[in-house]
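For reference, the structure discussed in these notes is given below.
We just call them A, B, C and D in the order they show up, numbering each chain from 1.
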Amino acid sequence: MKNWTKHTLITRWVAPALLAAGGLGSAHAADGDANADVECPIKVGVLHSLSGTMAISESTLKDTALMLIKQQNEKGGLLGCDLEPVVVDPASDWPLFAEKARQLLAQEKVDVVFGTWTSVSRKSVLPVFEELNGLLFYPVQYEGEESSRNIVYTGAAPNQQAIPAVNYLMNQVGIERWVLLGTDYVYPRTTNKILEQYLKDQGVADSDIMVNYTPFGHSDWQSIVSRVKAFGSMGKPTAVVSTINGDANVPFYKELANQQISAADIPVVAFSVGEQELSGIDTDPLLGHLAAWNYFQSIDTPANERFIENWHDYTGDDDRVTNDPMEATYIGFNLWVKAVKKAGTTDVDTVIDTLPGLKVDNLTGGTAELLPNHHITKPVYIGEITDNGQFSVVWETDEEVPGDAWSDFLPESAKLKADWVDLDCGHYNTETEECSGQMSDMAEDEE
Amino acid sequence: MRHSNHGPVLTRMLGDTGSLIFVVVLIALTVAVPLCNVYLPEASALHVTDYTVALIGKYLTYALLAVAIDLIWGYCGILSLGHTAFFGLGGYAMGMYLMRQIGDRGVYGNPVLPDFMVFLDWEHLPWYWHGMDIFPFAMAMVVLVPGLLALVFGGLAFRSRVTGVYFAIITQAMTYALMLAFFRNEMGFGGNNGLTDFKDILGYELSADGTRNALFVASGVGLLLGFLIARFIVTSRLGRVLEAIRDAESRTRFTGYRVAYYKLWIFTVSAMLAGVAGALYVPQVGIINPSEFSPIASIEAVVWVAVGGRGTLYGAALGAGAVNFAKTWLTGAYPEIWPYALGILFVAVTLFLPKGIVGLVSQLRRRMRRKEPS
Amino acid sequence: MRTCTPRGTTAAAVLALLAVLALAPCALAQNNGQNEGQNTDSNASEATPATSESPAPANDATVESGRDAQASDEPGDTAEAQAGADGESEPGADTGEDEDSTEYAATIAELADASYPEKRDILNRLVANPNAHTAELLTAFADNRLVVRESDQTIFVAAEERDETYVLRDPITFEAAGKAATRDFEPVRTNVGLRGSIESGQARLRLQADDAETRLAAVETMTEKLDDTAADALRAHRPEESDDAVREAIDRALAINDLNTGDNAAKLAAVERLSGDFNQMVYNRLNNILLLIPEDTEDRDQAQLRAAVAAEVERIDWWRGVYDQLETLFFGLSLGSILVLAGIGLAITFGVMGVINMAHGELIMLGAYTAFVMQQLLPGHVGLALVLAVPAAFVVSGLVGILIERSIVQWLYGRPLETLLATFGVSLFLQQLVRTVFTPLNRSVSAPEWMSGQLHFNDMFALTENRLVIVAFSLAVFAALILVMNRTSLGLKVRAVSQNRDMARAMGIRTQRLDALTFGLGSGIAGIAGVALSQLTNVGPNLGQAYIIDSFMVVVFGGVSNLWGTLVGGLSLGVLTKFLEPHTGTVLAKILMLIFLILFIQQRPRGLFPQKGRAAEGS
Amino acid sequence: MKTPALLESFSDRSRVFDFVNRPAAGAKPDVRHGTILYVEDITVSFDGFKALDALTLYVDAGELRCIIGPNGAGKTTMMDVITGKTRPDAGRAWFGQNIDLLSLDEPGVAQAGIGRKFQKPTVFERHTVHENLELAMAGARGVWPVLLARLSGEQAAHIDETLELVGLAERRHDAAGSLSHGQKQWLEIGMLLMQEPELLLIDEPVAGMTPQEVERTADLLTRLAGKRSVVVVEHDMEFVRSIARTVTVLHEGRVLAEGPMDTIQNDPRVVEVYLGE
């Protein structure tokens, strides 16, 4: 904690110096006094799809954000101001995400945005956030390989989800043969690349790894499941590591059940199937299959209990489940609130400088600390699907795992590191010792 | 009022009041918006924000796509439900150029390979990426790739006289196949994430105000040129032939016109226009991704034309603007109900405004004129 | 042979059944069995309603063939009953009791902080040296009822009470050990692998059962998870076994084991013994032998063994090839039948009426939601609800279809492209309607028993029942539709109108009413397709969009307005895709199919079975 | 296996795509032998039904030929074969001595100099009368020439002339769809004339016309003959009698009888199948 503030100060000397040197009047009072810089109400953008294919996942996060805002307002708001949510619908349309992000930042002049789910939507808004110097909290597990000054990643990086899950299967279940099934897009591709490398490092032979990709919304899993079954019947314990996305999961699990592959035969560990996805599946045939997350609704802590209760009150539906991206939204929101309180302003630059090093409680009894690479520390849980559509935790990491923006298992990526405190760079090349590419960040700081 | 192909070309092309108004308004818009953005203070009521510039710029490219669709649907009766395929291909060609422009400023600092290839362990640049760093070459591809696809696809379809709904449906198949193909990461187009995080174009930073306004003007000029080309075609005798094909294909054939060539020609021209629209679109929205190929997107584009009024060209452009404006506005103002509004709009337009907004306007004008004398 | 129930809960189901049987003679009020642990006065009043309820879930569990594993960890008397029922499993626990029980207790204590592999090891030791309550202990373990007291790492068997308290028992003697607050305890975690081991441990204990069938089942379970421990246990049991069938099963298991561990002669004998056995494990082990013996071995015995094994493997491989092809064919047919189901309604609205109904997918979606609603209305009757959902979905989607026709489509006849636009609007509207009513989340539609198993031909070839049902269902729908079109006056009129509207009208057919009915028919069938799809895929607002393009492709491929074309087209597209898939991958297969379709339409612009006559020229 | 063949066929056909420089019209028919149309042994069958059964027919240059026959005799099918719409199963059809009609498609046939008027008047209803004639006007038919085409004074005069001839000068700027049935028939004849064909195939030209119009049509057709060859299919016996020099009777896809009207009228076979009804 102390360290961070020291670093923050070092990086922050630029702004005051500029002020002093040129009296460049209009520059924001980066460290200025609180009230001068806050315009009431404080606007909070919510950028989640409410229609289209992603609505199924994202609309819940919109509700979560609105609930958190409401609660904050009931507690008296922030810096004496009420928070005002600005909700827009990017309609699962990626260019529309960029447009809506621009609208939030340029027209609505929001102070912070909570939003996006898919990698492509994040990639679509990233240039906008960097250009207009906004602040986005991104709440979903993703493939890593990114760290932007203007984005805070509160979901899991691959080392906070995929690798621990594989470790569990390897060491605790004794899996020797691996099927990596994924939807054909960047998250599964990258995750599987990382896992393949990791497995090979652990001495798994090439012939014991099967990789298969399917298109989005793939619904006919007969042949693939049958091949998995054959692959898994060669005498070695086999598991499926699934990065299958959204809609394709239900038919996949249904086909597993149809071909009577139980979790005891070939367990499936999924990274995109949580409580909410389960609520759309008949879980009876899925008992015992696994998911790796940083949060489960079933984890029994007072904080989580309260959160679930609030959620049920807010939605008026006692059957609504909670899930990992909701917790990530919760953590992100609290981090932002804490940073704003500490900085005494909602000014984006100040908040970004204040954020690293802040710690907030997560819902599972630990703490989430925002690291200099704009990722957070997270505990990893492996849960088995139970018959009430929940997960029972079968394994967890001893302590929180720090999120790694650049994977150590991809040759090019291993050289990079992100550090927004000391290095002020999202992709610092440790071999050449310089911040590769991306002049826009530099340009911004000079302004 | 029918246009006639006598007299000077310009009179012929702009002889129609609607087209004339459209061209004037378009030129005014192309000039005024950047000026209002740059020179008027933010406090001014007439100031146009960056956001609005980007937004209208996007509408302009959509309008060009709509003009391209109207050219074949409104004048030749060819309903393509896969026209965003050409739009997308043009967009990808431009995206590839922009990607190559990043050079070694990507996060991995690789001077040749785009980032998404680096972390997926690609060793060489695929052959079709070569040359895309040269602007003129890339721009040629913007036109040639969609044109070539249209030529091959159209050649196959028109030669064997695939028409009407059959044609509409195989164009859906075409764009659907392209979408699936571009989603594949092995294709080397960035898969689902597509191409994004562009830095600059022709050395100018994309996020700079000047560049944005220049792109806006380019879109305006692009639409204007596209519109004029389309007008030139439809007011020529060729336009008559196209309409003849639309109304009585078989009769046209017996009159000695090789219908398949005409269709193929206009289809290819239209595809090229759509490609240009896509190329102008990409740098302004900052991303190109396979969802541009989605069959639904193509249907939506056809809907713009229907809403605006088919067979007038400017109506198509108007429709594209109107529907997209409605979408922008509703997704912001009424996020929960906008699909209802859009759905009802489509139904209402087809039921009550068979000739679209343009038809409504001329109907009103006729009614006014009828009142005047009395 | 596999059973339909997930294996993890089978044991629980059996126990629950036994519990109910044991309880049956007693009147519900006489809860003598549950004496210890919960006899304070304050609890008594609560305990009574709780126990009077308890047989009910247990009963349910029986009816639903043991789905509800939770039922068995409720009342204390269930455990008692199990103990009674499993009472016979007390072999050799009397000798050297003291030492054994100390070691036994120590073994159990190790569970407190063991990793999963260690737990498996502990389990094996417990089973190898059981006491009277081991079976009970394993059941509790599998049901996650073993807990560790955090203060001193002591293990207990717990039953959760209300008010966050546990009723505790000693894990060795199963004597009551008082009550305590749940927060002081951590569960001893199990995972699915461990539960599998527990199950085979239980099976090993059941080898001593009186009932031959139980023993047979135990042997089969052990064969499935055959390892050295299991093989040793089986070998030890072999001489005691009296039942022929069980002996046979044991011999087979031992032969399989011999393939790995036996000497040359034993292996050779095993190969002969197992000839014609398609079991996967046999195949793997045979292949292993091939790998271990070099092809040009000098040793004559080895060479002989190798030859025998190679011949057997070749034979199995041949059959595998045959079955693989059969399986692929079936996969193709089942995919095709889905395409047919999705497309057949469209063949009527699009093919016969010439209406491009972009909302067709949403009508399918409505059918799927109808299945969901029916299951909500009839909780506990999964299958019945699904069967009733078929006519219900027909009515719902049919009525919506008629509504669309009357309000929109009827004004747009002869303008197919305008219809396309308007119905596209309708599809947006319906999607959002469903989002508003049912939320954007997917809904879960359960599969009935008779649709969630496999039709098991042999160890190599099994067909999934739900696919079989759906193939049969789509054929039935198709047959019914053909009957309607060819044998009823409605069908006659529909065909008449589709060929010549004016003439039909002149002959007194009320074309307006007929249009509405025809559209309703096509839409209703889309609804039925939705019920079938609810068994295979997401029931969500986007369901329709996923199928609309495929539906159009099938209809166009088959030839518009020809129902047989739709059938042949759908099935052949399905089969073709499935035979392509292994070679090209899923995505490429789909792309190739689309390209094939484009080229096909180019060659035969009117589809597989073109309609003849002038009406076809119209569009 | 199939793909290369397909590709080949495509690349093969792609040579035809070279439409840009295609000559506007084909060569003129060679009629030095005095015969302009040779139809020999043409057979067409639909699902086993023989619409034309080894039909043989010759038309002389400058002749006005009437073809009659009961419904289903094969008259329209014969026209379809000649104009490239229907491919016969067997037989030959030549236009003059040098043009193989069976190798041409509809536009090819039209460009070679055969004009066709349909039974039901088919004009471009949404175009004006003037535009209809302009579209039909003989001249380049390639895409680029048409795109850049402008109406020369000579061509405009020609159109005016034709407008006068068909009596539609007053209505030149009206949409063709607004014309009466008879006017449409005339417009279509006018379009035929604009095509400047060597051979006109005219299917029931006077259906739906008033007696005056019929008379004018007869007059027009008679005047055309000599300069061009005309084949008229007609049911109206009065009309046929008024114009015909040679009449061919088709029945069940074959020529039943051929000769001057008087002879035909008295032919017992003809009377039996046709006139007798």
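Observations on the model:
Rule of thumb we're sticking to: a contact is a pair of C-beta atoms (placed from the backbone, for glycine too) under 8 Å apart; a residue touches a chain by one contact, two chains touch by 3 or more.
What you are looking at is a predicted structure, and each value in this text was computed from that prediction instead of being measured.
Interface comparison, B-D versus A-B: the pair with the greater number of contacting C-beta pairs is A-B. Put simply, the C-alpha centre of chain B and that of chain D have 42 angstrom between them.
Remark: chain C and chain D have CA centroids separated by 68 Å (rounded to whole angstrom).
With centres taken as mean Cα positions, chain B sits 35 Å from chain A. Centre-to-centre separation of chain A and chain C, using mean CA positions: 32 Å. Multi-chain contact residues, meaning those touching two or more other chains, occur in chain B at positions 156, 159, 180, 183-184, 336, 339.
Looking at chain C, residues 431-432, 435, 587, 590, 599 sit in touch with two or more other chains. Shared interface positions of chain A, i.e. residues touching 2 or more other chains, are given as 50-51, 184, 213, 215. All chain pairs that touch, listed by label, are A-B, A-C, B-C, B-D.
Interface residues of chain B, counted against chain A in their complex, comprise 49-51, 54-55, 58, 102, 104-110, 115-116, 118-121, 180, 183-185, 190-194, 196-199, 205-207, 285-287, 289, 291-292, 327-328, 331-332, 335-336, 338-339. Residues 73, 79, 153, 156-157, 159-166, 168-170, 172-174, 176-177, 180-181, 183-184, 295-296, 299, 302-303, 306, 336-337, 339-340, 342-347, 349-351, 354 of chain B touch chain C in their complex. Taken together, the chain C residues at the contact with chain A in this complex read 2, 4, 6-9, 67-70, 115-117, 144, 189-193, 195-196, 199, 280-281, 284-285, 288, 327-328, 331, 334-335, 338, 431-432, 435, 439-447, 452-454, 462, 464-467, 535-542, 546, 578, 581-582, 585-587, 590. In the complex of the two chains, the chain A residues touching chain B come out as 50-51, 87-91, 93-96, 98-100, 102-103, 106-107, 118-120, 123-124, 126-128, 130-131, 145-146, 184-186, 189-190, 193, 213, 215-216, 410-413, 416, 426-427, 429, 432, 436-440. On chain A, the positions that touch chain C within their shared complex are 50-51, 53, 55-56, 59-60, 171-174, 184, 212-215, 217-220, 222-224, 226-227, 233-235, 237, 247, 250-251, 254-255, 257-260, 262-264, 267, 276-277, 279-285, 287-290, 384, 387, 392-395.
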